[in-house]
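Take a look at the following structure, please.
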Amino acid sequence: MEFLSVVALSKNFGGLRALHELNLVVREGDVFGIIGPNGSGKTTFFNLVTGMFPATSGDIRFRGEPTNLARLPSHEIAARGISRTFQNQRLFDRMTVLENVLVGMHTRLRSGLLSAALRLPRTRREEQAAKQRALDLLGFFGDRLRPRAEHPAASLSYANRRRLEIARALALQPKLLLLDEPAAGMNPTESRQLMEDVRRIRDGGVTVLLIEHDLSIVAGICDRVAVLDHGEKITEGAFEQVRGEPRVIEAYLGRSARRGGKARERGGGLEAGGGDARTR
Amino acid sequence: MLELVEVTTHYGPLRILHRVSLEVRAGEMVVLLGGNAAGKSTTILTILGAVKPTSGSVSFNGEAITGLPTEQIIRRGIALVPEARRIFRRLSVRENLALGAYRRRDGKDAIGADLELVYSLFPRLKERERQLGGTLSGGEQQMLALGRALMARPQLILMDEPSMGLAPALVEQLFELIATLHRRGLSIFLVEQNANLSLSIADRAYVLQQGSIVLSGTAAEVLANDQIQRAYLGA
Amino acid sequence: MLSGFTESLLIFIGLNIILGLSVYPTFSTGQISLGQAGFMAIGAYSSSILSTRLGVPFALALAAGGAAAALVGALIGIPAVRVRGIYLLIVTIAFNEIVRVFFLNFKPTGAATGLWGMRQSTNLAWVYGLVVLLILFFYNVQRSRLGRAFEAIRQNEVAVGMMGVNIARAKLMVFALGAAIAGLGGGLFAHYTLFIESELFGFPMSAEMIVYVVLGGMDTFWGPIVGAILLTILPEWLRLLHDWRMTFFGLLMIIFMIVRPRGLVGRETVSQLSAFVVQRLPWQRSPRSSTIS
Amino acid sequence: MFLQQLINGLMLGSTYSLLAIGYALVSGVLDLVHIAHGEVFMLGAFIGLQLVLFAKVNFFVAMLGAMTATLVLGIFIERAAFRPLQKGDFLSPLISTLGVALILQEFARNVFGAHPVGFPASFQIKSYQLGFLTVSTLHLIIIGLAFAMMAALHLFLTRTTFGLATRATAENALTARFMGINVNVVVVATFAIASAMAGAAGVLLGLAYNAITPVMGTQIGLKALAIIVLGGFGNITGAMAGGIILGLLEVMSVAYVSSTYRDAFSFGIIMLILIIRPTGLFGHRVHSEQ
């Protein structure tokens, strides 16, 4: 049984090919890196796995279940145990740190409108337990978040906001966690701590998919990586193997001007390549 | 011509640029290299007044332009080829080009002559001049964005990652064209991720990493330095 | 004993609180309904018909009015939750107009001549009983799983979907809820004024309800309450302005949007106030004191 | 009979279009809703009437006067109720212009009185019999002026550099800035033009119905809002078509269905269309990228 298998996954935006025929298998318990230059389709891939928009074609299967995730709305995907963080941070800024984590627990709580309105003992107990567990989750990051539980999320430092996103995603009790550039905006010390945190998450039994532009982090924690360029997977393997490959260097640094200069096309070649759907 | 002195910018609490100093002299082509999220686009937006620096100054032709409204900076002779092209999709090709010349006051004839010049550079645009921008292919949109900037008859062109999202063959074609424009005397400030190709056509280069300039020199020096590899592929 | 004037002012304050609160549920998910007067009309007309023509007891007629409005709210809500922002605004305005024109022409409810013959069953106890119930309701829901989901939808719809919240269902729920509250308010209104006509339930009424929320504050349910109180009392104080009261209101709205676009009562106002109160309650040990630093 | 209704519908529809087209322009450039646009329309009608009644000017002069007054009013509204607002919020401009609407309505009520007033035509109305069809000078003048103004706006937008800048700003204000366009000037001009057109529409509709009231702005403003949403928010051609369609629909529903349900009928159709096509009839499908 494959943990996450992606078969021929494609996404077009109008005429723009953001992701093309992606095939990928992620093993349970791995930290799997998705790398590639800007606009290579990494975030589009995350958005497809989490149901932010439907795929143009292709399959995403999770834990051997017959359902194709590429067709499901995001809340159903979340309920199956996949959660994520966002590259450009999507915290609930005007809610407290604790409330942010509690929203992450939504699928694990039961109470409906009526029992909430009447505040039945059952609801009260559930809330109490949820709060305790949310505090425990904040404690995952030591003293970084827990003492700030009652502060609005907007008041957190940048690194703490990244941590809160992770805590909120963990509140869903995911089997698979997608981290989209979790180290962006962190200084080197914070980045090192983050690597440690990701390892602890993995050791806790959560498989991790990771997009990261800081390749030293990728080198430090990823068991395997896939390299995307122009919406296609150009290679896959252990990072140390992959990083020396000419295609990868080319993807990152661009083709050397001295090679391939003759391969020009006039007119007919004027087509868009892949474009990442992200905006910054 | 263009000079940034110790420019620092923030986005909310996050510092994007840290004391960035760089310069483009008249007739030069300077490339600013950097990996994902290094602060390249922010540098461009700061030059154009769309992002206000927390400290430091920007000057153009010896005149401080820090904090001026964008349209006044444009009027001084800077044109932009924006990131992801950003052409007007609901306007025709010709109207897009006309907008490039919006700030010009040197008369219909001069503008008309430049339109012909742009059409001679990009015959494809002439064929499609009545089509809406949104119907063009990615490569054609890039041509249009470049043509639109040329229509301003600028002293300096800023280009924000023109290679992004284009097929490799097309990127080479584009860079050849940029090199031609430069040879004809245009000053260019090119922001790129594609290091090898842009260094092969530029005069000088700066390398931006996490918001700071970590390396600068002539294009040949930078190309030879192995630190560039590190700036992109990690330490 | 209250004077007639004071009592009627208090009743109208209470009614307006209820109407303001009817806007709040949709607001709490970041949506906006400019058609609440339509639901109010449905509640008012159906409860009045039940109490006058069929002799149904007041409480039952009132509940039925609320239920009818909720039902229509759910029916309208199913397609309405697919549209958002300006489009939802138009759908709700259009709904309001349709309801108004319907009652203007519907013979069994008096058409253009209006409907009367209700007994004055609405009194201070009924109005403020409902206000208290609603406050309890909103207070409890706000700190529950659903209340957090609503607030999260308002703050970041994309993220909340990926937290496993079924956004369409939540929006439908608040739409129907707001309709029910407006329906109850309409029933109380009809059994106090004893005369209703369709012109009462047009766009201006819906707009007024929105204004309670927007001026009072849209972050918590205390906002519409404060807004309704102020905006009902203020005109009474402003008698001296005579014919220029609306001008004063208009100016107030513009100034508020410039100076305090989230309204008078913000989230921080409420938390500061409640912390202040909690600290002064000798018998209450704050459960949160350990985490407030 | 049907042809007659068509002419009547066209007359009503062309004034709706005139109002809606300016509304679409403002909404497109600002990406916002301006609730008081209907009140500007109403004031235009009253000012035109005052000029005809008291200044005894010719109808066309009165219309120009009304347009000038509403143009100034539009600039004032932009200054007072739009520009000081924080950017990017959908609700604030809605409420602040609702405030403007309240003020303008009360102003009209206090100054001009709350009761409907007749709007005399200051020119000779002749009727021409074409078979079964009666076409009056009224029809011709209203339809003619409305279309002439819409054509003028069209020419302005497509043939002038400033019109081009306006369309560019409507599509993407930031990129427009990068072209050197002063977006603030474009916004003010847009308000001025749209308000002048609303004033003209007010005078024309007053003439067509021979009755104006201080509250008519709300109802017609809501209809115009519905029209521009129907036509695809900010889409000017869509707004023009939407106005004509709504005018025809209303006249036909009065003629063939029932006069009392007229407004319910048109709003019902608007609601139905929005529910089936959530971005309007002529709306651009927005990418779901972000």
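A, B, C and D are the chain letters, set down in written order, and residue numbers restart from 1 in every chain.
The working rule: a contact is a pair of C-beta atoms (placed from the backbone, for glycine too) under 8 Å apart; a residue touches a chain by one contact, two chains touch by 3 or more.
All figures in this text were calculated on a predicted structure; none of them were measured in a lab.
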| item | value |
| --- | --- |
| Centroid comparison with chain A (C-alpha atoms), farthest chain | D |
| Pair exhibiting more inter-chain C-beta contacts, B-D or C-D | C-D |
| Averaged-CA centre spacing for the pair chain D and chain B, given as whole angstrom | 42 |
| Centre distance in Å when chain A and chain D are each reduced to the mean of their C-alpha atoms | 48 |
| Whole-Å separation of chain centres (CA-atom averages), chain A against chain B | 31 |
| Of all residues in chain B, those that touch chain D in their complex | 48, 50, 69-71, 74-75, 80, 82, 86, 88-91, 95, 98-100, 102-103, 148, 152 |
| Chain D-facing residues of chain C, complex | 32, 79-80, 82-83, 85-87, 89-91, 93-95, 97-98, 101-102, 104-105, 203-204, 207, 210-211, 214, 218, 243-247, 249-254, 256-258, 261 |
| Residue numbers on chain A that touch chain C, as the complex places them | 50-52, 73-75, 77-79, 83-84, 86, 90-95, 98-99, 102-107, 109-113, 116-119, 123, 127, 130, 135, 146-150, 152, 168, 172 |
| Residue numbers on chain B that touch chain A, as the complex places them | 12-14, 35-37, 41, 84, 124, 137-141, 161, 163-173, 175-176, 192-198, 200-201, 228-229, 232-235 |
| Sites on chain D touched by chain B in the complex | 161, 164-165, 167-168, 171-172, 174-183, 284 |
